[in-house]
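As structure tokens, here come the structures.
In what follows, chain A forms one complex with chain B and a second complex with chain C.
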Partner chain A sequence: MSVETLTTSEYIKHHLTNLTYGQIDGHWGFAHTAEQASSMGFWSINVDSMFWSLATVLIFFFVFRVAGKKATTGVPTGFQNFIEMVIEFVDNSVRDSFNYQNKLVAPMALSIFVWIFLMNFMDLIPIDWLPQIAALSVEAMGGDPHSAFFKVVPSTDPNITFGMAISIFILILYYSIKHKGLGGFLSELAFHPFGKWGLPANLLLEGVSLIAKPISLALRLFGNMYAGEIIFILIATMYSAHIGFGIFGGILQVVWALFHVLIITLQAYIFMVLTIVYMDMAHQKDH
Partner chain B sequence: MNINATLIGQSIAFFIFIYLVKQYVWPPLIAAMEERQKRIEVGLLAAERGLSEQAEAEQRAQELISQSKDQAAEIIANASKQASNMVEEAKDVAIQAADKVKSAASAELEQDTTRVRNELQERVSALVMQGVNAVLSKEVDSKTHKDMLSKLSQTL
Partner chain C sequence: MNEVSAMLYIAGGLMLGLGALGAAVGVGVLSSKVLEGAARQPELVPMLTSKFFMFMGIVDAVPMIAVGMGLYVLFGVA
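Coming up: the complex of A and B.
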């Protein structure tokens, strides 16, 4: 077991490092250390985050696609019932907060809710299982297991949360300009709330509140999930300390996991609801 | 924790998947759910209508039952009336027949009585005549006393 030979700080660091693919010294490859990964610059990719992000969204897509294909108007059975419960929940949230005609918002809210929930859910898988499997398979293929970084919770990677938040920000800008016109959108930024004589203050306030939308969305999800992940890692370090600590750590892990079930659902829900609200604001003609 | 191209990858994935979900996941599910909602509404309405119909039918059935009960009572009353009538009639007929038989019998009796009386009269008168003839044959000419004799025989 390769990871066991690490010190505690190395263990924590190992768990917080992404498997990054990019350019090192002019040729493409995986980063072997965290320093190498950060030296790769922007044009590199976190393979583990991307992999689990796509895996979870594919699971979501195919499960719901199967449900959609098998959907009958008769009495729904267990699986279909569950899917429809989720759909109805999302649909109700959209109806509550979104008052305009837009066929994209409800499916987007569903995607966001289920996708983020599944990405967050990766946090509940005991933190060493998947990284250990990855390290062993790298070792089996003749690689260096110490450099086999594997971060399995995509939503603890700010790239993922910012990726989603920036996409939503683009949609906010798109729909704002589409429904208010470019002039309407800009005048909303410039002449509100203090009228035309307070233009600099208006621009500052409105600009900040506009920029704050994607940043708060991304950082809230990232922060919550990252903190949760760190607590799981810290609990996991107790196992190697002492048998008593280990038992205590086991209890803590169960308690934290139960609490975390609440957090991952809540974070997915918050992300979804805020997206719906932002989309609603983008459609509003009168501020 | 470096910002890198993963950001762009995730954005692309996000747009692709919200498009796919909008195109292939949301419509069939929401259509099925709305369709079912309509069917449930129709079904509930039908159930309500069925209930009111049932109540109506029960009422009608109750009416029919009470009606037929009345009819049955009437029929029974009629029948018993008819039966008593028949008994009365039969009694009358029987009494009449008995009267007829009685009167016939008494008439016959009377006839017989008269006949017997007449016969007796005739015989007595014959006997008297014989006796008278025998007594008076010598003194009385039958021819002369013929009128008296016939008168006598008639009074007897």
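Coming up: the complex of A and C.
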């Protein structure tokens, strides 16, 4: 097996490297080392993050479609009840903090909540299962299992979290300009806290708070998930030490996973609530 | 260990430690106020709990970003 021959720090590095597809020395292919992956630059794609984010979104679509097809108007049971609870929870959050007419916001909040929850949930799967399956299948196809990098939690990849946050930023700009007009949006940026004589200070403050929205959204999710993932990896390194350490590590992993259930739900919830609040602020006509 | 990676380890340790300090103070103040509010008006507990989790996430954000960056510096860069 590939992992037994690695040292601890190589094992950690192996778990933190994405499976990257891009250009190496003029031809297209997968990166075999972390150095190659980072030398690919902008025109490369993290295949594992893309695969798992699309897989989780398909799971989300499939589960909710099945529930929608089977839905009855009678007393809901089991599965349907659960889906209705999720939808009602999101619906209440939207009603609490969003006061305008917009058909996009509630479905978007539901997608964000369930999708981020599922992406974060990949963190709870023991960290070697899926990468080991990937390494074994690469070996079966005649490849080198050492270069089979596989990072299964899409939200530990800043590209994914920044992609989501930037899409929301574009929606904020779109609705701000649509509802306040370009002039209204710009005058809010230029004249808001200190009136027209403090224009440079206004621009600085409001510009920073505008740019801080997507950055803090993306980095909050990424930071939480990345820290949690690293702690899982550090616990997993204990299994190779000694039988006593292994048992201790197993207990630690269960405890941290139970605590992490709270964190992943909370992060999905916060991302959703902040999106709703930002959309609400974008619709606000006057301060 | 050369000087650069030693500096990186110190930087990562500082980020982790100061982040933990900030989060501890922030969440401590927040939860003491929540307990106070809950003791004064027990009927508001459900609302306070959901708001508490939301604000805990927001208070936690910057320290958590520091922790994520610190761990990235420790394990990704150094």
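The rule is short, and it goes like this: the second predicted complex is superposed on the first by the 287 of 287 C-alpha atoms of A that agree within 3 Å, B and C clash if a C-alpha of one lies under 4 Å from a C-alpha of the other, contacts with A are read in each partner's own complex, and residues count from 1 in each chain.
What we mean here is this: a contact is a pair of C-beta atoms (placed from the backbone, for glycine too) under 8 Å apart; a residue touches a chain by one contact, two chains touch by 3 or more.
Keep in mind that this is a model prediction, so the values were computed, not measured.
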Touched partner set for A:16, first chain B, second chain C, both or neither: both
Partner chain in contact with A:251 - chain B first, chain C second, else both or neither: neither
Partner chain in contact with A:266 - chain B first, chain C second, else both or neither: second
Residue contacts with chain A in the superposition, chain B compared against chain C: B
Contacts of A:219 with chain B and chain C, given as first, second, both or neither: second
Touching partner for A:83 - first (chain B), second (chain C), both, neither: first
Which of chain B and chain C A:182 touches, first, second, both or neither: neither
Partner chain(s) touched by A:173 [first = chain B, second = chain C, both, neither]: neither
Chain B versus chain C as contact partner of A:159, first or second or both or neither: first
Chain B versus chain C as contact partner of A:230, first or second or both or neither: second
Footprint overlap on chain A, where chain B in one structure and chain C in the other make contact: 16
Residues of chain C that touch chain A when the two form their complex: 53-54, 56-58, 60-62, 64-69, 71-72, 75-76
Residue ranges of chain A in contact with chain C within the complex: 9, 12-13, 16, 216, 219-220, 222-224, 226-227, 230, 266-267, 269-270, 273-274
Interfacial residue positions of chain B with respect to chain A in the complex: 1-11, 13-15, 17-18, 20-22, 24-33, 35-36, 39
Chain A to chain B touching residues, read off their complex: 16, 18, 20, 22, 37-38, 40-46, 49-50, 53-54, 57, 61, 64-65, 67-69, 71-74, 76, 83-84, 87-88, 91, 103-104, 106-108, 110-111, 115, 157-160, 162-164, 166-167, 170
